[in-house]
């Protein structure tokens, strides 16, 4: 931890209680003062920018252990810090999968060693994500695992899903579902619609997502257990979650920046860069997702940052793995694609996901004296062009290469330490 | 024209020009010596990641009749089985000096992807369910020339019968036929029709009996056996009862109606009638025209005669 | 810039030249029944037709087979310019053991004639091929000479020579003067 003081000068502090222009001073990992005319050893310019709690990503694939050629915990953490994140939930579809205390500890320790953001391991719902055997929830919860998911796969077996919810409910953890009835998406490449139909590729119907989402909402109603729904992508999904919340069920949901910004039409050229799971959908779905994000049906924006080494994406569209980068572009893409105010940005990027990830005691906190200094300084006006060659991620599979976006992360402070200054990672 | 990846890349003028060029090729193919030196020194590589002997032979005959050198790469006997990537395969062959790749792949979009890794021309010889542009051109050539037409199918009705959804032939044919003004009727159970068919500008019918007496062309598609395994249709017998061309149905065809099939035929499934008993059958003519049309495509792409229009007064 | 073209032969001159060549063909080929007249697409075809008509008139009724040959597939200069297909080849008889009179409007470098000779070979093996042209403008690049010539015209390589029933015209480009 830094023993010297850092002052963020002249920004607009964004808090649940409201916005105010103020300086923020950080000493010994904590916010030491919020006010005007503050002095310190390091002065960060925040004029024209917003100062909020650091972003929390509910959905990051760091690929380590197992696919270090695509990303490592260190390179992914650096990408996260550059994106304004001070915490990321590491998805468990590693190799070996995060279904044991040993692997979960490894991920957490590698994250601590990198020291760029908090790496929060998630756990699988089933052993090896095999959809058959439950993981030791209590042992993993004791290691600080809060989110359990088989992300990449939905849990197909309704009986197993019911048992998982029943077993995990008293442990105060959250099961997160990747909603996809796999029998309806066998060989699927892209959204089942007019575009896919004329391109002659197997379609990925909306019903595959909505059917499982509907099943799980009913299981939540039955068991009373809490559930989080990953990367909603369809209009029907938004409606299902809206209704579940109206019914008072303990459910939360996220959407990715790419499902808010990109349409299935982008696949016309058969470029695997735009292949993602769930697939890019239609303009109508995008409008419904935006409305859901604005009205509170959707709680969080999560990146589903999914790095892939170049050679794995240089395959036919049907053979290439799904997934795209997201950490370094999330704020800009959200701010460019959706007309949201800064308070809602802070809410969906930081405050809500911190709660869902179970780290609300030290992430997503107000900018106030005595709070842990996990802070992002960002604006909504800088216009820049995304270049895959300038990203910190080990992989290059961003769908936004060459795209002009608006809004940029200026500084990131993690546990009181300046890790990103003026858009550059300091370590 | 640098590549031929999809019928959507071709304007109506392009299509008409290629078919006109095919007339020249048909004349050449009728000669005692069916070979001209037009593409001497050019190399055409047929790169087939999926077996299709007839399409490969058709392209290779076309290339040879134009005096191009040919190379053949087939996935079954190649380093693809040793894990070589698509990109490495194409870059390796390119380095040997290739002017045009003729590509067949089971995955939609592969010919388009290949254009990033080579400076050579790429001709799509069938990709997944997506496109088979030379088949659409040879089908259009067969239909127009059978009816004494040149550049339009206006007022003609064409029924395409069978597994439309999984058919690159259907996707290519539908595009060209409709743009040339034909009325296209797709005849298939809904499980074998593409999603969002309503937006395609075609009609549909749920049994061959609804169309057989009314159309100018009956285009039969091959029924793939594996569709039964995946439960897309209940069974072959039921399929045949509604969608096969039987002798009884053939008797209902208009006297001038053509019967076509891209091959290979499943006798006893979609073709219960012997095509040699059908005066309107153009199935072997399609094969012969395939060589002429592929010669026209190779010549258009490699000969530099992009528009191949009839120009007068060419100076020596 | 296009300069006005100069008339070298008038319509009557062209007509007389065709008649003269027809006489020469009859004189040179004692076995006239083995002769086939083949026009080169597209400039030579109308001259070939006129030659056939003239021969029929002069001989009181000998109708020679008339064909057309398109040489675009036989050119040796693909890389130099796009190939433009003209009208298809139409050879009505097997050329083996025939005497072929190949007809073109203008003889220049000789490359078109070379291509035509190759094209004819694909239709059989003629006993002899003779060449008839309305205009020989010189600048040969191959060892080819005409057997029948309407008119020899000295030209600059960049000049354009056009031949039609209306006459023969030469256009000289400004930069070549």
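Order of writing sets the labels: A, B and C. Residues in every chain begin at 1.
As a convention for this text, a contact is a pair of C-beta atoms (placed from the backbone, for glycine too) under 8 Å apart; a residue touches a chain by one contact, two chains touch by 3 or more.
Computed from a prediction, not measured in an experiment: that's the story for all the values here.
Where touching is counted per the definition, chain B and chain C have no chain in common.
With centres computed as the average of Cα coordinates, no chain lies farther from chain C than A. When chain centres are taken as C-alpha averages, the shortest distance to the whole-protein C-alpha average belongs to B.
In terms of their C-alpha centroids, the spacing between chain B and chain C amounts to 40 Å.
For the pair chain A and chain C, the distance between mean C-alpha positions equals 77 Å.
Taking the mean of the C-alpha atoms as each chain's centre, chain A and chain B sit 46 Å apart.
Those residues of chain C lying in contact with chain B across their complex are 42-43, 70, 72-75, 78, 81-90, 94, 104, 106-109, 111-113, 118-119, 121-124, 160, 162.
Chain contact summary for the complex, chain A toward chain B: residues 189, 192-194, 196-201, 203, 269-270, 311, 314-319. Residues of chain B touching chain A in their complex: 85-87, 105, 107-110, 112-113, 127-131, 168, 171, 194-197, 199-200. Residue ranges of chain B in contact with chain C, taken from their complex: 20-21, 23-24, 27-28, 31-33, 35-38, 66, 299, 303-306, 308-316.
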